[in-house]
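Okay, so here's the structure we're looking at.
As written, the chain order gives the labels A, B, C, D and E, with residue 1 at the start of each chain.
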Amino acid sequence: MIEIEDATIAAGSFSLRAINLRVETGEYAVVMGKTGIGKTTILESICGLRKLRSGTIKIAGVDVTRWSAADRNVGYVPQDLALFPTMTVRQHLQFAMRLRKTDATKMKQRVDEIADILQISPLLGRNVRGLSGGEAQRVALGRALTFGPSVLLLDEPLSALDAATRQAAQTMLREINRQTGVTVLHVTHDPSEAQSMADRRFCIASEDGVASVQVIR
Amino acid sequence: MIEIEDATIAAGSFSLRAINLRVETGEYAVVMGKTGIGKTTILESICGLRKLRSGTIKIAGVDVTRWSAADRNVGYVPQDLALFPTMTVRQHLQFAMRLRKTDATKMKQRVDEIADILQISPLLGRNVRGLSGGEAQRVALGRALTFGPSVLLLDEPLSALDAATRQAAQTMLREINRQTGVTVLHVTHDPSEAQSMADRRFCIASEDGVASVQVIR
Amino acid sequence: MTLQRTRFRRLRDVVFYFVVAGLSANFILLIVLLLVADLLFTSPTEFIAALKKPEIQSAFRLTMTSCTIAAVLSLWIATPLGYALARYRFPGRAVIDTIVDIPIVLPPLVLGLSLLILFHQPFPFSQWLFPGSDWRLETWLQESLGFQVTFRWPAVILAQFAVACAFAVRTMRVTFDQIDPRAEDVARTLGCTRGQAFLYVALPQAWRGMIAAGTIAWARALGEFGPILVFAGSTRFRTEVLSTTVFLELSVGQLDAAVAVSLLMVAMAIIVLVTLRWIGAGLST
Amino acid sequence: MTLQRTRFRRLRDVVFYFVVAGLSANFILLIVLLLVADLLFTSPTEFIAALKKPEIQSAFRLTMTSCTIAAVLSLWIATPLGYALARYRFPGRAVIDTIVDIPIVLPPLVLGLSLLILFHQPFPFSQWLFPGSDWRLETWLQESLGFQVTFRWPAVILAQFAVACAFAVRTMRVTFDQIDPRAEDVARTLGCTRGQAFLYVALPQAWRGMIAAGTIAWARALGEFGPILVFAGSTRFRTEVLSTTVFLELSVGQLDAAVAVSLLMVAMAIIVLVTLRWIGAGLST
Amino acid sequence: DRSNRTPPHPGAPPADAASTASQAIHIYCAASNQAVLEPIRQAYERLTGTSIRVQYGPSQTLLAQLELTHHGDLYLPADESYLVTAKARGLVAEILPLATMQVGVVVKRGNPKGIVQLKSLLADNVRLVQASPDAAAAGKIARDHLTQTGQWAAVAEATTAFRGTVIEVTNDVQVGSADAGIAYDAVLHSYPDLEFVAIDALRNAIGKVSLGVLESSQNRDKTLHFARFVAARDQGLKIYREHGFHVSDGAPGLDVPELSVPTGSMFGPASQR
């Protein structure tokens, strides 16, 4: 469960007040909204990379407003990907599991499995420099999926994929959501993607710096 | 007119042979293809950032294979945007015109006009750090449009835009193409975008490193 | 799925801060202790007395001027050179990359001596090019231009520049190494010449490195002593810089005066470096 | 719309190359000329003679060891300190940022003196903390640990470290300044402690800077002379490093021997620095 | 103001207490005397087995070192003036005169500029360098003498540069950055290409080399034994003479030092050879 209560976020001269959002546990929520409205900023607040001006954020019922990003156990796929320039694709997929001291065979199995679904198995040994846009995006997606986070925050995770690859990724994401019961917050600009994937769809808008989060039915 | 004749491109361990592509002058061509197939690499070869292994590239009938990127007069919107981290949005839009010593009033008028259509007028004074994904993408688009290039290479230029903004940008691009007669090569993964915008659609595929460029009818 | 705030991770963050702080403290503490030891060794009256001496005032002015000129020159050379080393592959690149470090390696006295030899012995190559010639740099400079280097202020600046520039080049090289050339490439597609790509795109990204290179060059020029002593001499009111003053005071056994002048140099450096960084930070926003 | 290859742009590129090369050449040429002047001044026999002297061989070994230790220590301290200065905002950051430059600014003789004062005069603060105490660092080290610093090899290393580390810190600071912290942030969301983010994400991106900092520290330690002379003395076979040898040779008027030893140092530096860079470049691929 | 300078630590043990080298004699020696002291040291070590630890450096650096560390046995600066300073600060117990050096003019061999007297130094085409009166004894001695005869102002005016040491002055003439330099004759021992010109105006300008026994010496007997060896006419002074110093014929009683340390028994017969 993700709960944002009366939050104010700010970045430089930008600020957004009165954000209220609630995603139930296990739910697959899709967020849409005009470009520049503050979707990325909200996601960064949830995962702990940005501090709230005011208000609270709860994950799985626990108030995490003052927790550090490392403690929130959130899988985050940033819009700018932010891959690690010195690592190979395999190291990206292993990264979170290594930190959690997952044992080697299990780790290998999981990496292979995810790489397979995302169709990046041939890239595993490659450094991330030189990856194509869609390849890099799938690496960033894979990196956030491996360690069983309690919440997944996906910031336009499929925008650079061709129709077929995107379809496979969509299926996988729903599959993971269904099997592990992870709560997902997925930002996209593609209405059909929202339509096909979401349990619940939100549309964020704002007026004079006051947010309004509408549920689309 | 863009003409690629029997070109081989290579990047690290990746290589693609026998690329043949011809876009007529003033045509709006859309290129599709599986992620990682080599679309970006082809675009970088056309604009001069990547050398061909073999083959020739002609722009407007002139063989530019050995020309430097600066001489090709191509407007390129890279997939990774590659904005200039130290400049404001306005400086981005002015950049190419300044290099061409466009006079101040004309430059201001053009910047305002393009910023207006791309809906980035409020951002003109901002540094590009902190721009949202969609905002940054429109800045990169605007940067390549201002100086009247003879060819436009757009690498997934609208992927981070919401439906309404995207629509406006699409209209503008077609408008520019129609008015100035600029030849456009537009890469996208969105079939409906391709459908609605293209004079001609290409689909790139490859087998054993040999490219096949099919025209979709 | 329950969420628990893992205390151990915060603990490990704290441990990390302590390790970083602990390692850093070794060095910081060493310097602070050195300074405090110096401070306790001298006294404010020494300090004031030093400031009042006309030769020290003159040395102060020369030091300020020469250090600034040397730092500006260094930056002026180091920026293009660092850029060339970081961006372009050209024959001899590895050689140049190594040559740059040589002034750092040469013992100070030898650097001074080398400068003397260069200016006063028959010029290298001149004998091969024009057999029998006895062309000497200093003689030529003096006879044709009426400009004397050795034992005059130009020698001070040249000696400072030779070392300061080497450090500035290293700093600029690292800076440009870390700047992604991608933006410059894209600028080229917009019609930039290479010079414009450097000026408009690369250079503005390098300002932190330039501030660092400038301050390091200035500081190094200020601390320079051996080569100046040998190449420029230590003539009062003419080529005496503050580091020479320290040496002269030491020569007459005035330990505390020497330490006082050094602290004056430290104070001067702090003011200049802080101002430079402050201007640099101001430019960035 | 016609497309014409604009000759003027290629011309301007060539002009740019020439300007860059021209500016760079000023410095490169200066160094090359200095070296050639030195080379012409000495002779191969001098060189061989120098290499054969047992005191020079011993100085060579001590130099190699001490420079390497000083460089490793410097890198060991400079990396966390440079990282802390680039990434964290903490009280006293600006002060520390300035303190770091002080060893660069202090004239060499004074740095040595300061070390002597620190080790042999009553310890700073000890009198305030324990009135009447006369605690001295060197005495204490000797009495409790049986470890002597002044005039022994630890003094050589400490003197080299004090200056080399300052340059290494500046270099690492610039390096981390230019590395985008974004990747480290995202690593944090994956569960990294700050230490892990530093180790796994930031550090591997900084390798070029670390090579540069290591080489600059090593080179600086090699060229170090004043502080070593004052703090470690110049006892043959014990604290004599090559820069001291140069001074000793110079003091008895052996100009060509001094120059020969300097060229030996230059050769040594070239070999070590090229090897270091080569290893560094190897690691990167 | 040296009010906060602390006097020697009364209870401080010898710096060498912990090491086996405590038997060694520690001498601070001006780097310019290195060529002389090395053979003397070797001879003494061969003779007695007592090891001598020599620390070379510029005289003023050495003075600072012994002042700050209160450690060491002997101090042999380039010129007696440093010993006078050291004595005034209570660092030196006893001074033994060794040799003298004549101040004069150093020129290229063959004296191309024909310098024979002070006046020739004032010519426009002669680049004159000399040691800084503030930094080096030779400079100070020259200034004192020339000031007495009223010629200093003219010479200072004609001086192209003041250098830190007489060695630098000599190097300038050697390298060619000066035509003439004011230096000691003894310095020229290792410069075959240079020539010394004694000029009348500096006839009485003489630098003295003396050896100081330090207050901090922990082993006074042994130290004195070595000091006397250095000052002995047929031992140390002989070598000084060989290196171009002027050795007075005075102080005869020191020729055969009395032996006050056990190891010295090896020394007796040797000294009578």
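Following the convention adopted for this analysis, a residue touches a chain if its C-beta (ideal position, glycine included) is under 8 Å from a C-beta of that chain, and two chains touch if they have at least 3 such contacts.
Being a predicted model, the structure only gives us computed values, none of them experimental.
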Any chain that touches subunit E and subunit B: C, D
Shortest walk length in steps over touching chains, subunit B through to subunit C: 1
Chains touching both subunit B and subunit D: A, C
Subunit A on subunit B, rotation in degrees - Cα superposition, rounded to nearest 5: 180
Most distant chain from subunit B, judged by the mean position of its C-alpha atoms: E
Contact-richer chain pair [A-C vs D-E]: D-E
Distance between chain centroids, defined by C-alpha means - subunit C, subunit E (Å): 36
Between subunit C and subunit D, centroid-to-centroid distance (C-alpha), Å: 13
Chain centre separation (subunit A, subunit D; CA means) in Å: 45
Two or more partner chains touched - positions in subunit A: 68, 70, 72-73, 80
Multi-partner residues of subunit C (at least 2 other chains): 9, 13, 40-41, 113, 117, 121, 191, 193, 247, 250, 255
Sequence positions of subunit E contacting 2 or more other chains: 61, 64, 68, 171, 175
Chain pairs in mutual contact under the definition given at the outset: A-B, A-C, A-D, B-C, B-D, C-D, C-E, D-E
Contacting residues of subunit B [partner subunit D, same complex]: 59-62, 64, 67-68, 70-73, 150, 181-182
Of subunit C, residues touching subunit E in the complex: 40-41, 43, 45-46, 113, 116-117, 119-121, 136, 138, 150-151, 229-230, 232-236, 239, 247-248, 250-253, 255-256
In the complex, subunit D residues that touch subunit A: 182-183, 185-193, 196, 200-201, 204-205
Parts of subunit A lying in touch with subunit D, wherever the complex brings them together: 47-49, 68-70, 72-76, 78, 80, 82-87, 95-96, 99-100, 143-144, 147
Subunit B partner contacts - residues on subunit A that touch it in the complex: 11-12, 14, 32-36, 39-40, 79-80, 130, 132-135, 138, 155-156, 159-166, 189, 191
